[in-house]
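Letters A, B, C and D mark the chains in the order given here, with residues in each chain numbered from 1 onward.
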Amino acid sequence: MSIPVAIIGASGFTGLELIKILIHHPNFKISYIATSSGEESVSALHPSLTAMIEFDVKKADAKVVAQKAKLAFLALPHKASMGFAKELLDLGVKVVDLSADYRLELETYERHYCPHEDKAHLESAVYGLPELYKEEIKRSDLVANPGCYPTAALLALLPFTPYIDANYPIFIDAKSGVSGAGKKCINNTHFVTINENIFAYNPMAHRHEPEIAEKLQKSSGKSFDITFVPHLLPITRGELVDSYLVLKEEIDPLLVLKAYYQNAPFIRVFENPVSVKNCSGTNFCDIFAKREGKKLYLNSAIDNLLRGASSQAVVNANLMFGFDEGLGIPTIPYTP
Amino acid sequence: MSIPVAIIGASGFTGLELIKILIHHPNFKISYIATSSGEESVSALHPSLTAMIEFDVKKADAKVVAQKAKLAFLALPHKASMGFAKELLDLGVKVVDLSADYRLELETYERHYCPHEDKAHLESAVYGLPELYKEEIKRSDLVANPGCYPTAALLALLPFTPYIDANYPIFIDAKSGVSGAGKKCINNTHFVTINENIFAYNPMAHRHEPEIAEKLQKSSGKSFDITFVPHLLPITRGELVDSYLVLKEEIDPLLVLKAYYQNAPFIRVFENPVSVKNCSGTNFCDIFAKREGKKLYLNSAIDNLLRGASSQAVVNANLMFGFDEGLGIPTIPYTP
Amino acid sequence: MSIPVAIIGASGFTGLELIKILIHHPNFKISYIATSSGEESVSALHPSLTAMIEFDVKKADAKVVAQKAKLAFLALPHKASMGFAKELLDLGVKVVDLSADYRLELETYERHYCPHEDKAHLESAVYGLPELYKEEIKRSDLVANPGCYPTAALLALLPFTPYIDANYPIFIDAKSGVSGAGKKCINNTHFVTINENIFAYNPMAHRHEPEIAEKLQKSSGKSFDITFVPHLLPITRGELVDSYLVLKEEIDPLLVLKAYYQNAPFIRVFENPVSVKNCSGTNFCDIFAKREGKKLYLNSAIDNLLRGASSQAVVNANLMFGFDEGLGIPTIPYTP
Amino acid sequence: MSIPVAIIGASGFTGLELIKILIHHPNFKISYIATSSGEESVSALHPSLTAMIEFDVKKADAKVVAQKAKLAFLALPHKASMGFAKELLDLGVKVVDLSADYRLELETYERHYCPHEDKAHLESAVYGLPELYKEEIKRSDLVANPGCYPTAALLALLPFTPYIDANYPIFIDAKSGVSGAGKKCINNTHFVTINENIFAYNPMAHRHEPEIAEKLQKSSGKSFDITFVPHLLPITRGELVDSYLVLKEEIDPLLVLKAYYQNAPFIRVFENPVSVKNCSGTNFCDIFAKREGKKLYLNSAIDNLLRGASSQAVVNANLMFGFDEGLGIPTIPYTP
């Protein structure tokens, strides 16, 4: 079997990761690659892929995508994404959208981003965190791939929602590699700025904060007070999320994690603090937890470009076509 | 004026920093340098100082120190330090001790380290955080230089003790460069382990947690519930400390900081998140704060080897001899 | 088909890379893993492989290897390797040896390493550079996997041996990531030593210099005067080799490269300087060349742990069993 | 004594370094700071200098400079620099120009850069390598500060010009930290591009090649065939230059270096390969050399922003005003 798929927005880091995964995917076959400008080859765009793929990159055209592909991965900026997704869906192409455009409830979205231009499809979009919505993803034509920080934060927090004391805030201190800031050349991504450095950005004001809060609330029925502070790290890939909260009772957090994730192939529960390096290059989310009295410390790590974007997108695509969720998904880390 | 001073434990990173500061100090003059083995030259020990200082390194001998120096900086491991400090103090040499041996109350020390062997001097030791104990330091013969994490954490937290709601825990998420782990070659300091990586270590169990708690308590008269999680970062120097807590009232945190530190020459209050790089190479502690409702986020950065160790030690020595606290203290950062 | 293979010396970086490649190899199956101490699990040894492989690690025993495996990869220190290889070969196990023990002529070996203890097998060992000795490797039971620097240097130099003016020295300036220095915790691999640094080591005295000279001489029949200076770089993996030499005539170096490597699946000739990052994670050797008058600049890059060790070892094993050389070999780089 | 000086072009890295040095210089006093846009404060431009200097940054105006300063440091792009220098010189202001505009003979300059617009002053400009032209610098009103690569290359090569066999090419393999590429945000300075990477750029075509060749020729009267290949390294500051050449006779290279530099306060000759880290933060040029037969390996390191730009500029200014060349010049490295 070979399902033709399109990658729209192939010039960035998540686009590159999609290509890398799909080159060898057993059931998907890249049939179309587009960037905003088009008219180059994949190996001009990503010289590291020289000799691995020869393909003309086009300027994206929804009608051509509909002729050539059954599913499209959209690695576009938010707002641009919903315009294109709408067209594709109306033409019968399934969509995994890596932008924020279909992740949030309308009201949350419009408060933190911009007016929504595809309310019809927004209603039916499924939030693509497979550990939470696997069955819904299987039946969906439009999956909103989660943000990288929400992926790592939610996978650590979800098992504990029955035990969290909601009278206390949940503080999330997150750290991301520079690839999370994208390929754009700006002061924060200049080597000299971030090398031998670390700093917080958008503290208590990052758009991933409402995404985490909304998904926790929707899945548990309870409201939690989330404070989120992300940091930029002098590493290329990898993301570490530390969550601090107070419990209602003195549970064993590792037991809770292991029970909750006993059938989750892409969660690894560790008895010691996790390392971003151990999961870089894979779709794994590694989680550690420790309790002191009623205070709980959660410690989760992912590859921001894979579990935080492109490999999770392919897991979602696998599910949407009835394949095993792990088909063609990277599991061998880049260590050492 | 030229006060002769000794550096005991010159082979490590803090020893190197002490030499670097004291080479050009206007009022102190290095008169003795010792390591555990002795019998080499400073430039063999630290080739970067070639042509800057010629000096024979000795095996430490308290009696010789007493003949040669009026003050000794001890950059020794804890336990080793108290043995040597005791001898020096009895011989009339002032001591700035960079180890943990005189930082804590007896009971706290013995619970977290080992039995104390110099209880007499422990009683009179002053905790060398100049912003808190400047007058006491001036009158002291034995100053216990604070730990690096407590320095950055306390300088951010102290101004807020009147406003903190002690019914909520204070969560401290700290990040340190590898020089904080010392010069020993172990798995955690291997380049391949920490490059492209970040991980927590000793979460909720680091010895700097009781140091922070005890000093907050002693200085404010109130008890706070501190949770401390340090991380290792792939940078050489610099330390970022993020503290999360709940206030009793909705104060303006930048105003509180500016008022508290209006006469503190080594505190810089920033309106945006701080960067470790901006203070690396200096004795500054840079602080930023932000409030959302009653939740407070504190963000402080220091150079772990300078403000977190050696330059703070020289500030203390300046005060102990009645000099201006800023004399010869590095203030020009290593940026870019 | 499933050939059982053993990995002897699994604790280091090349051992880890061998496991990573062989986990998913279509025709080889790991049947035995040994370290010098034994008695642990693979995931204790390499936590990044948690959930990917469960296997008891043994203390190496040649007789057990002979029962369990048809080929053994030896990732042992030189000298230890030849003792073990000899036993295995006498028991009928094919060997790919990643140490230096079978790479050199007897006389060269003993001058640069130590007395040889397996002269019988040394005679029949094949130097495992597939671009040079593919047919010999196919027929061999003992392949000596090349050193990392010689791999990158030879692949750049070999096409030019007919054109080099041997009256001029060939200067090779090589740069390697820290993983090339191994997992041992020593001053040179301490993060603080090499971060924000670069330095040469063993200039004009590295053991890879005679390996390069001997192989150039053997394959071309001509003698070249090689000067080799390696450097340590603050990166984990990747190796860049720059060679400077004088030609007899003004050839087009890119044409020479393309012609020589037209059928080489793991050589990529670039029109611009190569980047180690573009081939990290793969078995590719990327090569660029530029000429100015009769002076030639060669610029080659490999992943030191893969093309410079473990993936090249599996290519050799593929050939020894008559498989396609590219079977199961990593080709998707770790970029970005 | 306090000579007022101006810094023109203060927004870049060399501008920052000039400010850092001049803040505490005993005989110079910053009296004017300009950038291309003006209208900000120094601490807005360089937040790391907060609390260290308060100064209004202006849009550069030569007439105002002439009223306010006796010497101007020009840290401007080439071409822009000669326009401004000309005006200043005509108004009687001494100039240290950090651009390339006055470094080369007219013909060399115009072949590699652009038409020269200040031929009159070009004639009298002195090349500001103090080890070579100290006396000329003392008498000059216009000093052309050398390029970073030429500084490190020439300081290694100059002592050997009597011994070099000019029938063989000199190959120079240079490696620079990213600060050498400037503050502009471009693909090569993006963290993700250069982290875990190294690559050559402009091989055999960099503009510093003719600068090295011309200065060697002018100072020795002999013509040498120079091939220069620079590389970008994943470090912020520091530069390593390796030169490979053939000698006419078998001299002792360390003796030659020590004799040549016996009175040079900013040259350190090492018996082992040098490290960029050992001289980062200082004006030192560290040099090592090794000979094998008639082949010579030279290995020199500098801080590209200091010895390769700003501290060398201040040394030149010291000489131009009759001060000791070392006055206020940084000599304590940033190690560890």
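Just so we're on the same page, a residue touches a chain if its C-beta (ideal position, glycine included) is under 8 Å from a C-beta of that chain, and two chains touch if they have at least 3 such contacts.
Not measured: the values here are computed from a predicted model.
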Most distant chain from chain B by Cα centroid: C
Selected interface, A-D versus A-B, where C-beta contact pairs are more numerous: A-B
Distance between chain centroids, defined by C-alpha means - chain B, chain D (Å): 37
Where chain A and chain B are represented by their mean Cα positions, the distance between them in whole Å: 40
CA centroid of chain A to CA centroid of chain D, Å: 46
Junction residues of chain B - those touching two or more other chains: 13, 179, 183, 192, 195-196, 234-237, 275, 277, 336
Partner chain B, residues of chain D touching it in the complex: 13, 16, 20, 23-24, 46-52, 179, 183, 195-196, 236-237, 268, 270, 275, 277-279, 281, 284, 305, 331-336
Chain A contact footprint on chain B (complex, rising order): 168-169, 171, 173, 175, 177, 192, 195-201, 203-204, 225, 227, 229, 231, 233-238, 240, 242, 244, 246, 273-277, 280, 290, 292, 295, 297, 299, 336
Residues on chain A engaged by chain D in the complex (per definition of touch): 13, 178-179, 183, 185-187, 189-196, 234-236
